[in-house]
Structure formats: C-alpha cells, structure tokens
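In the two assemblies presented below, chain A is common to both, partnered first by chain B and then by chain C.
After this line comes the complex of A and B, so read on.
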C-alpha cells in the first residue's frame, strides 16, 4: 500500500511540474530572445532586465502603478477567459469596458442631483457597469447562438460601436465637459468616486478581490460553472446530456461582459472620475488586447487569471520605466510578451497538453 | 537467426506510450500465403503491433525482418515499398473523391497527367480477380462502410501490397458480407498475398484463419494452428485462468432469467417521424413500437440507418416532426432532454469518446454529467462535490474500474473502464427506461460480459431497455424481441422464438 501511494504522489508532482514546465521554458526563451535584441540594439542588458522586472517592487510608485494596471487588466482578462472556456473568442473586452464605463458616466451624471450617499451610489454604479457590459457582450453571444455569426467578427465590430459611443457621450450635451480640449464628460459627483485606500490605489482593488473569488466560486463550485466546464471539455457529450449549448454560450458572454463592463466602470469611477475618450489604454495599447494575451498565458484558467495579470502588469510598468530611464523602446516588451504567449501555446501542445484545462 | 521462409518476422518488439507498456518483447511471424489471425481483447496491443509493422509507430526495441532481410520503417512510405498494406478500422479514404480517384491517389507520382484509362483497366481486373466489386465513379462519401472497405483493400493491392493487414475488418459487416469478404481473402491468398486478420472474435479466427496468434496485455501468448486448435484452446490462451463462458460467436454466455414483463408499456412511439440532426443522417419515418418494463427490445440494423436518430428522438422529443411519443402513458412530445432524464430515463450513446464522456475531464466530472441538476447533487445551484466524489468512489469500487483514483483523467482509461464509469453513472438512479446504443463496441470480453449482466439485471428489476446494436449475435443473446431498422423505418419486429441470423440479416439490408 505504502509503495503504491508513493508512486501516485510522485506522479502528482510530475503532473504539477509537467504543467509548469512550458511556462518556465517559455519565459526563459522569451527573455533570452528579447535580451539578445536589447543587446544588439546597444543597450545595457542587465540594467534593462533589472528595470523591467523589479521596478514594481523597488519603489512605492512602481508598486502603485502595477496595481493600477492590475485592476483593469484582470477584468479585461476575465472578459476573454470565460468564453474561452467553451472555445469562443471574445475580442470585445475593450468594447465592453468602454460601454460599461460610458454607461457608468451617464447614470452617474444623471443621478448627480439626488445627493445619494456613497454606500448606495458606488454599488449602484458598479452594478450599472456590470449590466451594461453584460448586455453589450451578449449581443455577440446571441448572434452566435441564433445566427451562427462568429463572435470574433461581431465583437470586433462592437468595439467600434463602443468607441464611437464613448466619443459621442464625451462630446455632446448634456454630458460633455465645457471648455475642455480633450473629449471628456463632466466630473462625477464626489459620492460616486471610488475612495483612495493608499496612494493612488482606490477601492477597485477590493472589487477585483471580490471578483476573483466570485469567478473562482462560480466556475468551480456551481452547477453553472460545471456546465460551462463540461461544454468546454466536450460540447457534443454535454448536449447529449441536456446542457444547452446556446444557453451556456450566452451566459459566458454575459459573465465576460459583466467583467469587462465592471473594469471600465472602475476606471471611470476610480481613476479619471469622469468618462474620457481613450480611458481604457495602457502603454499606448488598449486593455482588451492585453487581456487576450494575459488570458492566453494562463490558458483561460480562472485561478491563473490574477497571477497572469499581475505578471503582465509588472512587465508593463517595467517597460514604461525602461523606456523612461534607458530609452529602451516599450515595444520590445510587447514583443517579449507575444513571444511568451506563442511559446506557451507551442510548448503545451508539444507536451500533449490540452488547449484548455 | 532469421528464417528465410517467413514472409515477415518480428523479434522482441517493445513499445511503450508514457508509462503504458503496449508491447513487451513481441515475437510474431507470417508464413507465405496464409491468413494469420491476430487475436486479443481490446487494448491487448494488436493495433499497436500492426502500426509498428506499418511504420506508423517506431518500436522502442526489437527488429523487423521481411523475407529474412532486416528492415527499418520510419513511415508508412517505407513499409508500403516493402509490400505491406494496411486496412484501418475507420476509413482513410478521401470522402469527396470517387473510388477511382482514391485508388490512384498518390500512385502516379511522376506523371504530369493522370492516365486514368490504364489504371481503370488494371483496377477492373483486380476487382474481377478478387470478387471485390464496387462502382468506381461514385464519391466515396456516398458508399456504405462495407464497400469502402473493399475500396481500401483494392487500393492496398493496387499499390503492390503482398502482406495485407486488416484491422478489425468485420466490425461493420453483416453475416453475408463477412462470408463474401472471406471468399475474396482466400482468392488473394491463392494469388500469393499473405494476410493478417486482426479481431477479438474467436469464431472469426476459426472460420477465416490458418494460424492464430494471441496477444494479451502487450505480451504474445503463443501461436496456434487453427485447423487443429479448438475454441477452448484459444479461449485458454486469451483468458488464461479467468473463466468466461462464451458462445460460438465468441460472446459471453449470460443467464437471462424468465421475468414477467409489465402490463402497460413504459415507452410508446406512435408513427414518429423526425429529421436527423446531422447533415448526412437518416430521417426517421413513421416509427411505431412499444417497450414494456422488464423487457430488452433489441434494435438491429446496418450502421447509419437511423439508429442514432431513434435514440435521440427519445431523449430529445423536441425534435419530433410528426407522431406521438409517450412515457408511462404520459405524452412527452416537445419536452427537453433534462425533463426526459428527470423521468427516470437515461441514455448511453454509441460514440463513447465523442458523446458519452468529457475525455479531458476527470472521473468525478464525468460521474456528474447528466445528473448536475438533480437535487441529490446540487442545492441552490451549488454542486455537492462531496457527494459526487463519494459516488465516483463507489462506482470505481463496485464496477472495478482500473484507476488510481477518481481524479484521473477519464480519457486515459481503456474503453472497458470508461464504459464501466458510463454505466455506473447511468445506474446512479433507479431507471424506468434505458436507451443504449452499441454499449459493447470495442470492449474486451470481461467488459462485454459486465455490460450484458447490467442490462439483464436492469431487466430483472423491471426497467425497459432499448438496446440498439449493430452486432446481431450480441442482440440475439440478451434481447426479448428484436426490431429491425432500415432507412429510418422499423421494418419488422421478431419475437424471441423467431430469432434467425439470416432472416434478420436480410431485413437489415432491405430484403
């Protein structure tokens, strides 16, 4: 008996290592490649790496910047990761953030005359952001379920709609801020703005924590989460055993959109205090794209999402610092990230791993 | 030392996949012009051995000799050059090409134009010689499985194969077609072809082969001359001391007790018509029958005649276009699968990997499938994983599933073990009706016996069993009645005292 258990123990450890090996290898190879490029371009390699990897930990500002990116990035990652569980691609995380943010601003401004206390105002707006994002995303789910339109196409189109919707709100009465050069709305009432907890870090970090727990619970403990998982593992068998594909599909888009919308709403309520055109951007690229990349690194695993998002946030902060202090172009880090994702996908396939777990 | 008289010989071939030793020092040889049966249960390593000989897998250890000459196969191209041809269990033809196009595909390497005329002439001669007739200008996707097999055999011979490996060639054939195939094989042997005939049916080996080798668990148990050996000799080699009584058709003998069937039918189909969910499926046309409690109603038919649609119309009555279906006297037209399952009905589909299980999920995930909304397994939408875990453990213990624990990925288990989990899952609730489609396909003898016993047990408990199967021998073993399905219609229903392989077989092909 004892011997048998030991072998099982070993295989478990092996499984664990087999699961991690592709990540370790991918990181090492990707950093080696980007290191070579940094060197070829004539920059100081150790210094570049030091800045890239440790800025988040060596200064208070770096740490705060990292968390500021981590909040929206985690939501954008969930927006992609959840439909990815059943092998649909939600490219619309960005649009869902924009739409959630815009609706938050509209409702926030509309309610500004009521003098609501923060304990009511803030949760109300967070719920508005979630509902807005969910409804916006479920359009793509609906089009797939009933008209068989690929969500990749519909969500990209919805991104444009969301972008110009934000633009419209930010440049038209009664929302637009008078006398501002950049398109933006009026400031939200004070009671609608997320309070700062430390430095620039606002209540959004707590909301992220709740969201991480809620998604974990939903995916791992509930019947709905089980049905999503089963559909992802084998849509044919799931449908034979009574799990409705169309329903599951629409629900994953609802959850994804709710996450995206919440991410957008929190940016509006916590960072800018108003809707600003181009608010869901970081390092010159939109969070939606980083969300896809981040979700691919963890293969859509709900528990992997925050880890992966933290890692990418560290790189993004490090990349900005590297550009500022060493003039190493930030694009080099985007390149590294892209190589990491490609390598992880390749190495996992080679190891016989599945596309999703 | 190698023997020059042997057409093919392997020495100590070993092959493992991860921790599984699929072949362990296997010695195997072929005499010129024989039909050599390779017998073994599913998972015994038969296909692995042949895939090594065909160059699809590279052996870890050991040597292969062809007519005394040592050979290295790195891909099927090498083995085809040495005259080895393989007919796989599932078709490897291009469905959109005609039979003729498939036959010449890849053979006219150096020519810029396809000289079909010459090839056609040669192929017609081969067809004539071996009695393998089929239309050359019909797209392969429109040909039935039995004909596709003929195309594949001719293709191998046309490419110059003189050692032909047939992997479970009888799976989709009726009795008559099997006899035809046998005649063709004998003709090929007379023309100098040597044949390896892979099967798990002892009866077929005795009928078709000159010699037979038995593999179990990747180990070669020995080779017998089938002209001298009896069924019992082969059984001993296959099962060793493990005793299973089997019939002449090499299926386990099951004691089917007398039971009184229920007075009222459990399930009634009255003139049911339904469109197939699949593009090239068969629509159901005015199907009428009853099943009573404590009765096994067998459904016989050639694969693809509406069996799947019949099963699906019962578990998903939403799909019915015409007619009335009722369960225990209550009309169930239009209700959802979940509702049907909640009425003590369950379904074990035909395609185990595709439709029964979540291959990438663990055993627990799979035990819950189909039960996830039952009160037993959830409260207010939260899964009771403890209960699922307990039931998974019980299934593993009660049905002797070979697995370290309930967290093992189910896709890594053997077919027999997967089916034990699937059946265990189906039996978690008391059943009024079980719909099952080929539950024994591809299973080893012990697992086939296991499945049969469960079906008969259910029958004794008063459950109605709709047992769809393409294997007539198996149907006749356990069914109380057998309905024959042809082109989406139930064309006849035979009572137990009328069971006759040839009569039922001829109804199956539309006679």
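After this line comes the complex of A and C, so read on.
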C-alpha cells in the first residue's frame, strides 16, 4: 500500500513537472541565447540580467510601470487568445485597441457638454470602447465566415486602416488639440478620466480584474464557452453535433474585439486622458504584437493569460530600464520573447502537448 | 520624361517589391508551405542587406546578404515545421516578430545612430538603346537591375511550373503530398527547397527597399508590404504571372494614392493612405470565387 501511494505521489509530481518543463527549459535556453548576444555586444551580462528581471521588484516606479503595461497587455492578449481557441488568428488586436481608443475619444469629446457625472460617464465610455472594438473585429470574423477571407490578412489590413483613422481623428477638427506638434485630440472631460488608485495606477486595474474573471467564467461555466472549446478541439465533430461554426467564429471575434477595444479605451481614459497618435505602443512595438507572443506562451489558455501577461510586462519594464541605464537596445527583448515562444511551442510539441497543428 | 511615364516608371519599381515578395510566397505555397512571415523576412533582409551594401560599398552584396537572410528564415520555418509538424501559421507569426526585432537590433548595433542618414550604393540602371525615348514603353525598360531580374524570375517561374516535369511534380505536391510520395517524389526535400528559395525572394524584396526605394534604412521600412504580398499571392491563386499582375495593381494603388496625398484632393489624405489596405480586402472579396488554393496549403504532411 505504502509503496503504491508513493508511486502515485511521484506520478503526480512527474505530471506537474512534465507540464512545466517546457517553460523552464524554454526560458533557460532563451536567456542563455540573449545573454550570449548581450556578451557579444560587449555589455555587462550579470548587470543586464539583473536589470531585465528585477527592475519591477526593486523600485516602486518599476512596480507601477509593470502594472501600467500589464493592463493593456492583458487585453491585447485576450484579443488573440480567444479566436485562437478555435484555431483562428486575430492579428488585429492592435487595430481593435486603436479603434476602441479612437471611438472613446470621439464619444467622450461629443458628450463633454453634458456635464455627466463620472459614475455614468466612465461606464458609458468603457461600453463604447468595447462595442467599437467588437464591431471592428467582427468585420474579419464576418469576412471569414461568409466569404472565406483569411482573418490573418483581413485583421492586418484593418490594423493599418485603424492606424490612419486615429491619425485622421487626431489631426482634424473638431477633435484635434490646437497648437500641438504631435497628433492628438482635445483632453477628455475630467469626469471621463479614470481615477488614480495608487501612484499612477488607475481604475483600469479593477476593470482588468473583472475582465479576467468574466472571461474565465465565460470559457468554463457557460454553454458558449463549452462550444468554443469543443470547436477548437475538433471543428468537424462539433459541427456534426450542431454547433454552428459561423456563429462561434463571429462570437469569438466579437469577444476578442471587445477586449482589444476596452484595452484601447482604458489607455485613452486612464493614461493619456486623450487620443494621441502612437498610444498603443510600448518598448518600441505595438501592444498587439506583444499580445500575440503572450497568448502563444500560454497557448491561449484563458487562465494562463494574466500570468503570461505579467511575465511579459516584467520583461518589458526590465528591457526599458536596460536600454535607459546600460544602452542595450530594447529590441533585444523583442528577439528574446520570439525565441521563448518558438522554444515553448517546440518543447511542448516534443512533450506531446499542444493541440495546434 | 512626361508625367505619365514617370508615374508608370515609379509603379513598376514598386511592383518589383510586391512581385518579389509574393513570388516567394507562391513558390513555397506550391508545395503546400504557406510562409506568412514575409513582413519579418523583408525587415530583417532590408536591415542586413543595407548593412552589407553600406559596409562593402557593393549593392550586389546587399542583395546577396538579403537573399541569404530570407533563405535562413525559410530554413528555420521549414526545419521546425517538417521535424515537429508545428503549425506553419504559428511559426510564421513568430518569425515576423523575430525579423522585426532583428532588423532594428542589427542596424542599431552595427551602424548605430549617425548624424546623416547613411546612403546605400546606387543600384545601376539598364537602359536599352532606342527605347529610352519612347514615352510609356521607356518606363518599362529604363529601370534598375532588380526590375529586370524580376521580369526574368517571373517568366522562369512560370515556365518551370507549367512547362517542365519538375514543375508539374512540384505543383502535384501542393495538391496531394501523399500521392506524390507514393510515386517516389521526395516531398520533404522539395518542401525544403521551395521554402528556402521562396524565403530568398522575400529577402530580395526586403533588400530592394533600402537599396533602391528609399536609399537608406529606416525602422519598419516595409510598412506592411510583406503582409500585402500574402493578399497578392491569394489573389493570384498561386500563379507567378498573376502574382506580377497583382503586384502591379497594388503598386499602382500605392503610388497613385501617395501622389494624390501630396496634391491634396477631396478626401483627407489619411483615407488615401488607407486605400492600399482597403483594396486588399475589396480585391480578395471580388475575386473570392475565382481564387484557387493548392489543396494541401498550410497543412503538415507526415507519412503515417
């Protein structure tokens, strides 16, 4: 008896370790590669690592910066992760953020004369951001469902369309801010700006918390979530059992877009207080790109999203600090993350995991 | 040169970017490998190609290094895909990000920030005596070396795919890899070769940007053209000659909307700049019924 129990314990531990091993190995190898590059370029390796990994924990500023990146990154990650569950690729998280942010600014400025109280104004704008992002994303879902146009291409094209749309809003009457060199709109009314909770951390952190819970609930406790999961596992069988593929496809893009749009709206309302060109960028790249990497790290698992997003936020804050203090180009972390993702996909595949083929 | 001739001349130069990139996608796609990482390849090749040309003073070296960079990306994609059957799309997206990061990292560490933008050595132009003075026709033949290279590459690709046995076999792999395998064609080898050659074409497209179009390297120099090339390949139903036609259409839209932007017209210029991207969607929608895919496109092939 005792021996058997021990083996069960061991197998549990084995299973746990098997699940984690690809991640641990991927991180170790990726950091070894980037360490070699840092060394080759003539920088101080231990110091670079210390900055990269621990900036978020060693200073108050680093901690706040990490949370500030965590908020939009989590939304951008959901934007990719949810259609990914049914094997579709939404590369348009960035465009959905931009469009959500732009519509938030447009409606916010339009409503500025009504003196709405914050309790009404803020939720209204958050809903506007979600609807705008969802409608923008569902264009791609619709084109796939009814005209078989690949969402990879349509969402990328929509990104560029959203980019020029933001530029248009930020440089034209009646939205643009007078006398500013950089394209930006007028400031949102005070009641539309997300209140600061601690330091520079705004109400958006609470919205993220609600979103994480809502997505978890949706994916694990509802029929819709079950249908999405079933479709992802076996699209042919699901359609046999009456799950409508077109409907599921459009719904995942709606949810993804709502998340992206919300991320953009929160950046506009919480960080910049206005629409400003280049608002959904961080560490020299789009949140959309980092969202894809983050989602690929956790294989689109809704529970993994916040953990993975926190990890990438820590790396991004570290990379910014590394560039500031050691002049190591921030693109290095970009490369490191791509290598991490590549290794995780490879190692998980070797371990027999991963539903993606 | 008249205004019209000059516009056409510029369109043909831009066509070269799109044609090389989409030809790369077409060649790989013919064996069933859908390489969507063109944007990343173009960025990495633009950076590496520019650095090579700038350091050696030879435009030719720039294109060689650009093609090698593209071939390397193709090799990474096909090696991981063939050995582990990991989704080509996931690998493609990751390679886009890898290439984006690599491009600026290479440039910043090797060339660095300079007071004046460093200039690439000039790519020689070939003029054909007698034609250079005829309007419009001269726009087609008064061009740099790579434009001629692209004309020839499209013709050769068309000839190989549709008039040789090796081309027929290669197309057959894209339709049904199992059947090809049964009759003794080395499917894996062909997939390696087409993906690497395809990557090299995308690399040439990337190197063309700093060496000919802008004359210097800038961040995000390809600005989505690598993605638009995917749209062109789909529009072209994976046929080389139609890829050139598609490339010409998109180049014309890009050049004309840029000129209109400078001339300031009815539409705000942002909407003109959106046009190339909107037209990808519209053209794919218009031609949706006439588009054909190689049947095994994007799918992994394993024997068991």
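Rule of thumb we're sticking to: the second predicted complex is superposed on the first by the 341 of 357 C-alpha atoms of A that agree within 3 Å, B and C clash if a C-alpha of one lies under 4 Å from a C-alpha of the other, contacts with A are read in each partner's own complex, and residues count from 1 in each chain.
Note that in this section a contact is a pair of C-beta atoms (placed from the backbone, for glycine too) under 8 Å apart; a residue touches a chain by one contact, two chains touch by 3 or more.
None of these values were measured; they are calculated from a predicted model.
In the superposition on chain A, A:160 makes contact with chain C only, while chain B stays out of contact range.
Contact with neither chain B nor chain C is seen for A:216 once the two complexes are overlaid on the shared chain. Comparing chain B with chain C, the partner in contact with more residues of chain A is C.
Of the two partner chains placed around the shared chain by superposition, neither chain B nor chain C is touched by A:31. In the superposition on chain A, A:230 makes contact with chain B only, not with chain C.
Once chain A of one complex is fitted onto chain A of the other, the partner contacts of A:49 are absent, as it touches neither chain B nor chain C. Looking at chain A, you'll find residues 354, 357 touch chain B in one structure and chain C in the other. Chain contact summary for the complex, chain C toward chain A: residues 36, 80, 84-87, 89-91, 93-95, 97-98, 100-102, 104-105, 108-109, 224, 227-228, 230-231, 234, 268, 270-271, 273-274, 277-278, 280-281, 284-285, 288, 300.
Chain contact summary for the complex, chain A toward chain C: residues 41, 89, 91, 143, 147-150, 152-154, 156-161, 164-165, 167-168, 171-172, 284-285, 289, 292-293, 296, 329, 331-332, 334-335, 337-339, 341-342, 345-346, 349-350, 354, 356-357. The part of chain B that touches chain A in the complex is made up of residues 315, 336-338, 341, 347, 349, 354-361, 365, 368-370, 372-373, 378, 381-383, 385, 404-405.
The residues of chain A lying in touch with chain B in their complex are 8, 11, 221-227, 229-230, 233-234, 236-238, 240-244, 354, 357.
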